[in-house]
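I'd like to ask some things about the structure below.
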């Protein structure tokens, strides 16, 4: 794998060129700080902010149009943003845009692209040669298949196994890329076919543009611990930028979505019925809840919530 | 107002014509029952099911493709659907479609159209003459402007006032429509201009097609007590149909979305800190919560939730 | 009608406040010029640019990511943009955003909202009082219903008729608004119901945000002579702004979409068969074409195209 | 490569099970015929129709709602559908839905997924084991990289080269899959990581649901000769089904989109200026056109159009 990623520059373009650009547009100092500054992700990937539109105040500005005089009572920017977020008035958050340049392994790109509300321009293996950059995980993130969670990793592997895995992976990548080069150069095979042997560990890149509302939805799903680690890294990088770009919106997102907890109708029914049970010992609660729900998995999820609420003593 | 709505037929087309249509498609007996059967909404409106694709099993079928062997463990249709809904695996619910024919006042249509994920063919006042049908509310739903909720109604009005309002409304509609007719017939004014005096109480109609996932999102917002009564009536009519068309999905929607309750990160923080406070008397809890949140409105919302959880004794 | 529209200020906010905002973002001098500057539309409406993201160069920047080294051969910005537009490579044009504040009659808003790819925050008649502003057409645009085009206007009306129409319209609006005020103030009726008598000629307003690709699609449909005059006025105002904001993209849009002409497969078949017919006299061509197409309307459309191509002598 | 594709059954489920399903829904005999019948695509892929909603008549039904009495004049289904398609009245075509089950190589899936208006449930390599099925092209489609078209193939390769390429490809796939199996079985590595070495030639599958309007847009782009051959095969399979499912719509699509030809504003300008030039010899026209356009590529595209119009004698 040829590229040295420590070479990532502080800013990807010369700020000298940019002196004296004055604008009448809404400005976010926190976003400006991140324009052109790549955050390294995995071994060869990155995310940086290319452009943005709007700031915290832009959300409020759109909401005030919507609610007219109705918002005069709630005059404070922070109070209004938090009110909007708490009550799922999402459209004003669509008024802010972010455009990122991202580089990631193809298997990550394949999860990412499922979010259909973004605009994308991806590097094309039909037009251009794919580079010799493949994802080799850090030993620390190599784990066994989880048995309880069909889409997760779990237990650690032994050092020797990790060494074998990584060595095998590097060899496999090398073979693929050598063959790709032979197809391109010896056989002059069309690029769109020559790429067939390249794996989903190969890096691609794209411009990705999305509004703040849909970005928060993406982050909600991809910051989650059930998201694959490798895409979570990119979500975290974007979250770091967005937190500074629209600090009030991001705080509201954290308080009302990211760190929230939803009780289902069935769980509420149980709580109303068994108010006197709490705070409860785990064993006792466990049996009653299981009897009530029938479904083991759903009961388990409820118990987890009650533990996190301090209502079941772990 | 000319049309008699009691004339709404049981089915809008002759079932004799439809004998012997056999199909290889997934079939929902609950949906078949509703095809062509209008449900009356408000004074001149209706909703009926025109067509549909898929049933409860179709959701499971798509999910199994997605999760492959991973779903074998969770073999039961109901258990799988409930699992998907609980964990926001929404895409399989996009695999079911409903197409409705709806007739509603223009102001209702204007709220409805904000849901951008549907396909719509609306009656056009440029092509065709608008009919003499306007929304006159039932006296029971005429209420004063709410003072606490800027977008709501509240206290009842006196009978005399109601009478005056409805009489004035009928007169105003009559004047508009008479003038519209004069513009069309005496002046031969283009229809696209002649409609200018017609109010947002005038009825329009459309075909509206949407997938089950987005329909449930629509219903979540429009069945809510904060939605305007007049659009809620249409949401309720569709909910009645959907409940029979995909009973397992609808039950999961009710249990996990409609009847759920979300605690914010701030509220969870409070509960963890003050576990020993509950169950609490309202006055005591009120003061501590208000001190904690600062924001009166947010504190009020939390107290409401705690009451509904039985943790505050009302 | 209370508001004086000559009062529209040159810029809607104080440029003093905006001194010294420097940005690292892509900048469009043509867009900056229009920020906050309203263009009057109809009697009480306007459009102004609130914010934007990107410029001509941003389209190229996204395309280069996509095509990698593939674009080096076509190094010039203008050549590349024109190539993209000509070949329906639309995604790079999604990378530029425009946010407008618009005020328009409700019947215009109802046509406009059908474009589902924009983000919208509209003034709410539930939250706030509707203003006493209604659309009264200029006498020059009052026309009779077209007989050939079911959705168009055609022949002029007599002066006396126009006078009657406009007087009647003003009276009707006045009655509506007086009744609205009585409902609000005398009866304290909820705003969401009090608006029932207000017509689709009443003005509303919104923030409207859309990317350049979808905006060009909107403009293509709404600049068309078959679009209703009243929405065309708004499309023209936005076109004026976009032309200066992204001049190269707009020129390509005009050359390759707006001013293009599409020949159907059937028309191409005819031309190949009857190459020797042209240039033709209208009568002769007319008969042969009608015989060929069967369908009168389709034949007529083809003849129009041939006239505009100079192949039929009108 | 283990799976035998000749094993593709005539229908994927037992039609015995389906006897006697009668429905009130719109029915398309042409679509019914294709439900559950896979069309083989490439070496291991397929497309089959899972479900559908609507038929030609459904498009007309929606349009009539829209245009009200306005469509009575154009009473014939075929005439109306053709009129709608010719004039880009696209929304009625959104009222028909198709749901396909498709199996394709990952690099094809990556092009396909760029169409954001569909609903997708894809097989997940996190949940389930990827199968030992990889795309090995037919020798006939192996071509050299085109020099004139950066994203195309062109000249044929020698037999010996083809043999080497295919042998190398099979070996590379075998190595990847063996290593994948070792990672899964010997190291028990999590599936979401074990898939890293698997190439974009590996097969995946999905349920794909889309409305007729957006499907025709997809087909327009992917039936084009510039689309990669491997995705074109899938587009052709779906076109075959859609042609029988909605024959009138499909014919209109072919006549008005697929086989149409668009002349740009610049080309129209040229034709009006040089009406007397045609029919012209290629050499003469070539020089004048080149002088007029400046841009070589654009001139070339115009000449191609004129040849196909019979205006330039090749």
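Going in written order, the chains are labelled A, B, C and D, and every chain counts its residues from 1.
The working rule: contacts are C-beta pairs under 8 Å (C-beta built on N, C-alpha and C of every residue); 3 or more make two chains touch, one makes a residue touch a chain.
These figures come from a predicted structure and were not determined experimentally.
The chain with its C-alpha centre at the largest distance from the centre of subunit C is A. Spacing of subunit B relative to subunit C, judged by their CA centroids, is 31 angstrom. Here the CA centre of subunit B is 37 Å from the CA centre of subunit D.
In subunit C, the residues that touch at least two other chains are 67, 70, 120, 124, 127, 150-151.
If touching chains are joined by edges, the resulting network of the protein chains shown connects every chain directly with every other. By the touch criterion stated above, subunit D contacts subunit B in their complex at residues 15, 18-27, 32, 35-36, 50-54, 58, 61-63, 65-71, 91-92, 94-95, 97, 99, 101, 119-124, 127-129, 205-207, 209, 211.
By the touch criterion given at the top, residues 67, 70, 73, 79, 82-83, 86, 88, 150-151, 221, 254-256, 258-266, 268, 271-272, 275, 278-279, 295, 297-298, 301, 308-311 of subunit B touch subunit A in their complex. By the touch criterion given at the top, residues 105-107, 110, 113-114, 116-117, 120, 124-127, 135, 137, 141-146, 150-154, 157, 161, 164-165, 168-169, 172-173, 175-176, 179, 182-184, 187-193, 195-201, 228 of subunit C touch subunit B in their complex.
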